[in-house]
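Given below, in the form of structure tokens, are the structures.
First chain A sits with chain B, and in the next complex the same chain sits with chain C.
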Partner chain A sequence: MSNHQALGGRIFTGPFIVLLVVFVIGCVFMVERFTEGMGAVSNLNGGFAWGIWVVYDVVVGTAFACGGYALAFMVYVFNKGQYHPLVRPAVLASLLGYAMGGFGAFFDMGRFWQFYEIFIPGNWNFNSVMLEVGLCVTAYIFVLTLEFAPALLEKLGLDGLLKALNKVLFLLIALGVLLPTMHQSSLGSLLIAAGHKVHPLWQSLHMQPVLALLTALIMGFSIVIFEASTSAVGFGRESESPLLAKLGKVIIGLLVAFLVIRLIVLMTQGKLGLIFGFDFASLMFLLEMALFVIPVFILLSPARRGRGSQLLIAAVSMLMAGALYRFSAFLFTYNPGPGYSYFPSVAEIMITLGIIALELMAYLVLVKTLPVLHPEKHA
Partner chain B sequence: MVEKELDFSEVEKRLGVSRRTFLKFCTGVAASLGLSTHAAIAMAAAVADPKRRPPVIWLHGQECTGPTEALLRSEQPSLEHLILDLISVDYHQTLDAGAGHQVEAVKKKAMQDNKGKYLLVIEGAIPIKDNGIYCKIAGETMLDITNEAAEHAAAIVAFGSCASWGGVQSASPNPTGATGAPQVLKDKTVVTIPGCPPNPANFIGTVLFFVTYGKLPPIDDKGRPKWAYGRLIHENCYRRPHFDAGRFANEFGDEGHRKGYCLYKLGCKGPETYNNCPSLEYNNIGGGVWPVGVGHPCFGCSEKGVGFDKPMFSLADVKTHTPPNMFPAIEQREASGGLTAGAAALAGAAAGAALGAAAMGAKKLDAKEGDQD
Partner chain C sequence: MKRRDFLKVTVGGTAATLCTTAEARSNLEPAPQAVGMLFDSTLCVGCKACVSKCKQVNDMPPVIDGDELGWDSARDLSGDTLNVIKVYREGEAKTKDAEINGYCFEKQSCMHCVDPGCVSVCPCNAMRRDGLTGIVTHHPDVCIGCRYCMVSCPYNVPQFEYNELFGQIQKCQMCNQAGVERIDKGQMTGCAEVCPTGSTLFGSREALLQEARRRMELKPGEIYNYPRGDVRDPYSYHEKPAPTYKQHIWGEKEAGGTNVMHISAVSFDKLGMPPLQERSAASIAETVQHSVYSYLALPALALAGLSYTVRKNTRDDNGGEQ
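Let's look at the complex of A and B:
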């Protein structure tokens, strides 16, 4: 049998009820969006066709959900079995993150009822980056569901089905590595397609996919640390810092690669001067750089790396750095032309917060009822 | 090479057009057929060679002579000369100078002399009810004339919607049993150039192809040359982006109509009609001269079961993607709403809560690890 176990315990805790309230408020606006239309709830306009729904829920949210991707890479591609205890919770978080990303995308689709068209091969437009992202994300949600299915099957005691699934699981895991590599890099290609609307500091053209992929991996590893840390605190479990510290070493390489590529691209494109313009874009860039550099210093020192609090600070810093990189490129410094401006409306933000609350609630319920977390070693 | 140059100068003299105009024309035809410039030169050489001009028998049935009129009135310099020079029209009821028994005798002789070599062009529908007595030429029914002429034709071209599938007189209740040539000549290959009137360019391209290569261009299941009728009007229409964006003219003269929006809601049959009107336009005038170009919905004149069959202003049966019945209002929003205090507070609170929780978590982890040690 598996060596995972359900956490158990009460479901309706204080934080859960707070999340529930946020979700219910969000629901009111979700209903309004589908009955009254997008214009009634959002501040989206002709220039900013994408607002917080796509940029947070899909672009940043799926990067937050890359924990399963990053760990699958580590455990199965580099054969680092020691990280295995972290895989199942990470896959659950990825599944929820991607499912919510897909759900969030529906709010942003003007004609969402035509979404099924993307599954009809005859209708495919091979020149569209969105096609690749849309198909890949949908496929990945299915793959993640199957990757997570063993937890449910164990719970239900369906051993025959579990054995059958375990036989093909290697294939699903391979897809679980391939698909995110494809669509996370395509999120970078979207920025290439946006051309001059993307601020020069973020428009790295053909290097966009590499940078998008690196941020996805950095954020994926960070979210694993973040989840393990918060479940140590929130569920009163033993800290997994030693294992996480080793993960921290891997991240240093990714961070350095990202920073070096980012700066070399700016240098070869002759844009270094823009960094010190001290306008809004330059400040956003400097903040982003600081958020990327801080974790490098924390993780380089073995003493700091060994401490759970420092690891958590590094992880949060990287999550914010990656999120800021994507937010800046897609929204903050995005310039669709004169006359356009955008800041999300209250209703828009509440829908996104409602989706996040739903995701967190689902995570809490599932780790308490299904065998997701690893039992503590010294328990 | 020298010989070719001489040939073209001969053409210049014959047609009264400059060599440049002539070659430009051939290149244009080759391009609209999707062929290379080599094909254009081959076509020019074929036109220049008088020995290759095929004799043509041109029949008229139930029709308004629209196709012939369209051909003769094309604005391209001397196009009609070119056509009449390219082919040797031995019999054409509209253009023949002679009349009566004389021309009928010429026709019989031409058909006899060029057995298996002549090009048969059919213009107009063929009534088949009551043995075809509703259309007679020189005492013979169109049905008999067609069957007789088709017997030894090298190739058969049905020119215009009437000859292609029956046209206007085949519209319900069709009292004379008007039928298209392909339906009458079931065991023969009939190339159809439908349209009411058909675009002369589609006829010229097809005939030039035949003269140059000695065979007919690739055709679809309805006998239409694929190069001209392979795509829906909707697919190449320059109003298509308006369709996709949901911008429609709702009535003649409204704002959408004046702005050149999609005519689908006015009954445009472009989404179910196969023709190349959007790319060739009409009568070589340019400047958007074709129905949709001048603001009228496509009538579907070249499509069987659409033109003369469906009501003019009824919605087309869209062969590609259908739009929903209700589109959101068209408005050009720029800066909408803007930054409100509530939104700023909410965004700040969410970010603050996340950061605060992380800080608390870090603190607790420190305390916890202190205990563990």
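Let's look at the complex of A and C:
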């Protein structure tokens, strides 16, 4: 019944070994973090309470992991069955990306030994955006695990379980649309309470959740294109350009919506003048705008849209645009007040790289051993 | 455009987008028996008696900077310092309380916000505002260390003990945390008690506000009888000519107001106070959050709708594909 196949092949390839080395180095610092404390490995301070563990691993990383969300949205809600071949690899990438976010959050948790306090209903503060993010991301990791489970069950030949799971799959997919909509918008809402510390060009207050959600969808679709194109090159598979080109059209709408809302917010807040201040924040803003506008032009032309290389450029541009939007808001232009500065330490960077390496290794192993990718003729 | 106008525009303009069903939450009001402090920067001589008393009350070690072993040299709030005196210096730093070529002192400690960001954002209710006194306390037993309280505090007050493996958030709890409870026992805060000039005064928010307003009315040079200790029942007074106060009581209105208020002869942006508007960021965040979630009714509805559509579409889909 499934059209997916395991890729097979050697596990210990050159790239895999490089990743393994990065991971091992990361592990050394991870051990230090959990023996000496956060201060020993990170440059976090009283003004910058959140560094790259929160901002990259959770805020940006989970947006990179929105492929599963974006596709679930398209395939099932809008009844576009033709994107099916892309779903399973996207779900796997999402699962790994969110797992990485979970890891990062745990490393970052100052009182990790009592992390469970956030799962105790008696403690819940329903005013807290962090509560929503914490619970919702956790729930989504479970949902993704179940969404991906068919790949494992097929491999193990557990048909009974597979059938049972398929019966509730509709519920999982509905949750797979609902939960990311909730927490991806909340990741934006986190910024509201930071008030003046968020640079005016990024402090859209009431529109934070909307802008964050749009970047999540844009990045989600882009990562699908990116993964499909690179795995076409990397694993020597036929490209799925026609499918990808169709996705491109959906993305134009999202990009335009983002740009229009972003500018209208700045206009109504009377902040347009800040755009051309040509200070660091203004340059970051202009760069972000450029990265959002370039793909619009690429995707608008049917000829360019059809070409794999152009699509890949558009996808990379959008991924960088979304990541830059979030990085700028949470870190680059974030200003807690005089006397505070932050640049990640080597250890912080290595721990994050270590987790990324682990994520990539897991992806490589799983697509080679489990039925994840679609055979070429169906693409 | 004024911030308030822009808020009106954005609130109105985005209400539809956010499917607003919940009421916009405005700033919280001061607690019925709010207590706080008034810090008058013009009276502070920088002796740091309050810093050392604070350490004693909270059982924290002094911070030693270089060879200065004689006193606590803490320059900033940290896990070991809940209260710090900072110096403002400009040019030749000759004249006390002058903005140009002058100097003065500023106290930094928790402001005990009327609408505290730290309380609003804490996922586990580990930050609590007392319903009666308005005192904001921290409860590490349920804290996960996400540090959102640090991010949302306009004054960068909560400090995580990064240097400890099993660290916790530290902040001034107005000397009223379990085991200390100076306020509940009818005492005043440690820092107000020891302040030799009455620069740090204790009292009810109302009484302190009245005192601050009286000082705003003073003509420069006019002799005023400055109280020490609890403004409602001072243990002593001293006379001194009034400085040229800036007509600004910090904490009367900022982000919903604070129970610890400051007055000064040097403008507050120069003293490191943040650029705050009258509406608290916490109230905006809660408005958005509750609009989107409407107490979970909306997500539940959405899930029902989604499940139905997905079910329908996957059925058609399977039929069409196989």
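Simple rule for what comes next: the second predicted complex is superposed on the first by the 377 of 379 C-alpha atoms of A that agree within 3 Å, B and C clash if a C-alpha of one lies under 4 Å from a C-alpha of the other, contacts with A are read in each partner's own complex, and residues count from 1 in each chain.
The criterion applied here is as follows: a contact is a pair of C-beta atoms (placed from the backbone, for glycine too) under 8 Å apart; a residue touches a chain by one contact, two chains touch by 3 or more.
Keep in mind that this is a model prediction, so the values were computed, not measured.
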Side-by-side fit of chain B and chain C on chain A, or clash: clash
Contacts of A:L169 with chain B and chain C, given as first, second, both or neither: second
Which superposed partner A:P209 touches (first chain B, second chain C, both, neither): second
Broader residue contact with chain A after superposition on the shared chain, chain B or chain C: C
Contacts of A:S128 with chain B and chain C, given as first, second, both or neither: second
Which superposed partner A:R304 touches (first chain B, second chain C, both, neither): neither
Chain B versus chain C as contact partner of A:K246, first or second or both or neither: neither
Partner chain(s) touched by A:E117 [first = chain B, second = chain C, both, neither]: both
First (chain B), second (chain C), both or neither touched by A:K155: neither
Which of chain B and chain C A:G37 touches, first, second, both or neither: both
Touching partner for A:S341 - first (chain B), second (chain C), both, neither: first
Clash-bearing segment of chain B, relative to chain C, as chosen among 130-138, 238-246, 346-354 or 364-372: 238-246
Common interface positions of chain A, toward chain B and toward chain C: 37-39, 44-47, 110-111, 113-114, 117, 123, 339-340
Complex interface listing, chain A residues touching chain B: 37-39, 43-47, 110-111, 113-114, 117, 123, 226, 229-230, 232-234, 238-239, 241, 307-310, 312-313, 316, 339-346, 348-350, 353
Touch list for chain C against partner chain A, complex: 1, 6-7, 9-11, 13-14, 17-18, 76-78, 117, 120-126, 140-148, 150-152, 154, 156, 159-169, 255, 272, 274-276, 281-282, 284-290, 292-293, 295, 299, 302-303, 306-307, 309-311, 313-314, 316-317, 320-321
Sites on chain A touched by chain C in the complex: 34-40, 42, 44-47, 49-50, 76-79, 81, 84, 108-115, 117-118, 120, 123-132, 134, 169-171, 173-175, 177-178, 181-182, 185-186, 189-190, 192-197, 205-210, 265, 268-270, 336-340
Chain A partner contacts - residues on chain B that touch it in the complex: 321, 324, 328, 331-340, 342-344, 346-347, 350, 355, 357-358, 360-366, 368-369, 372
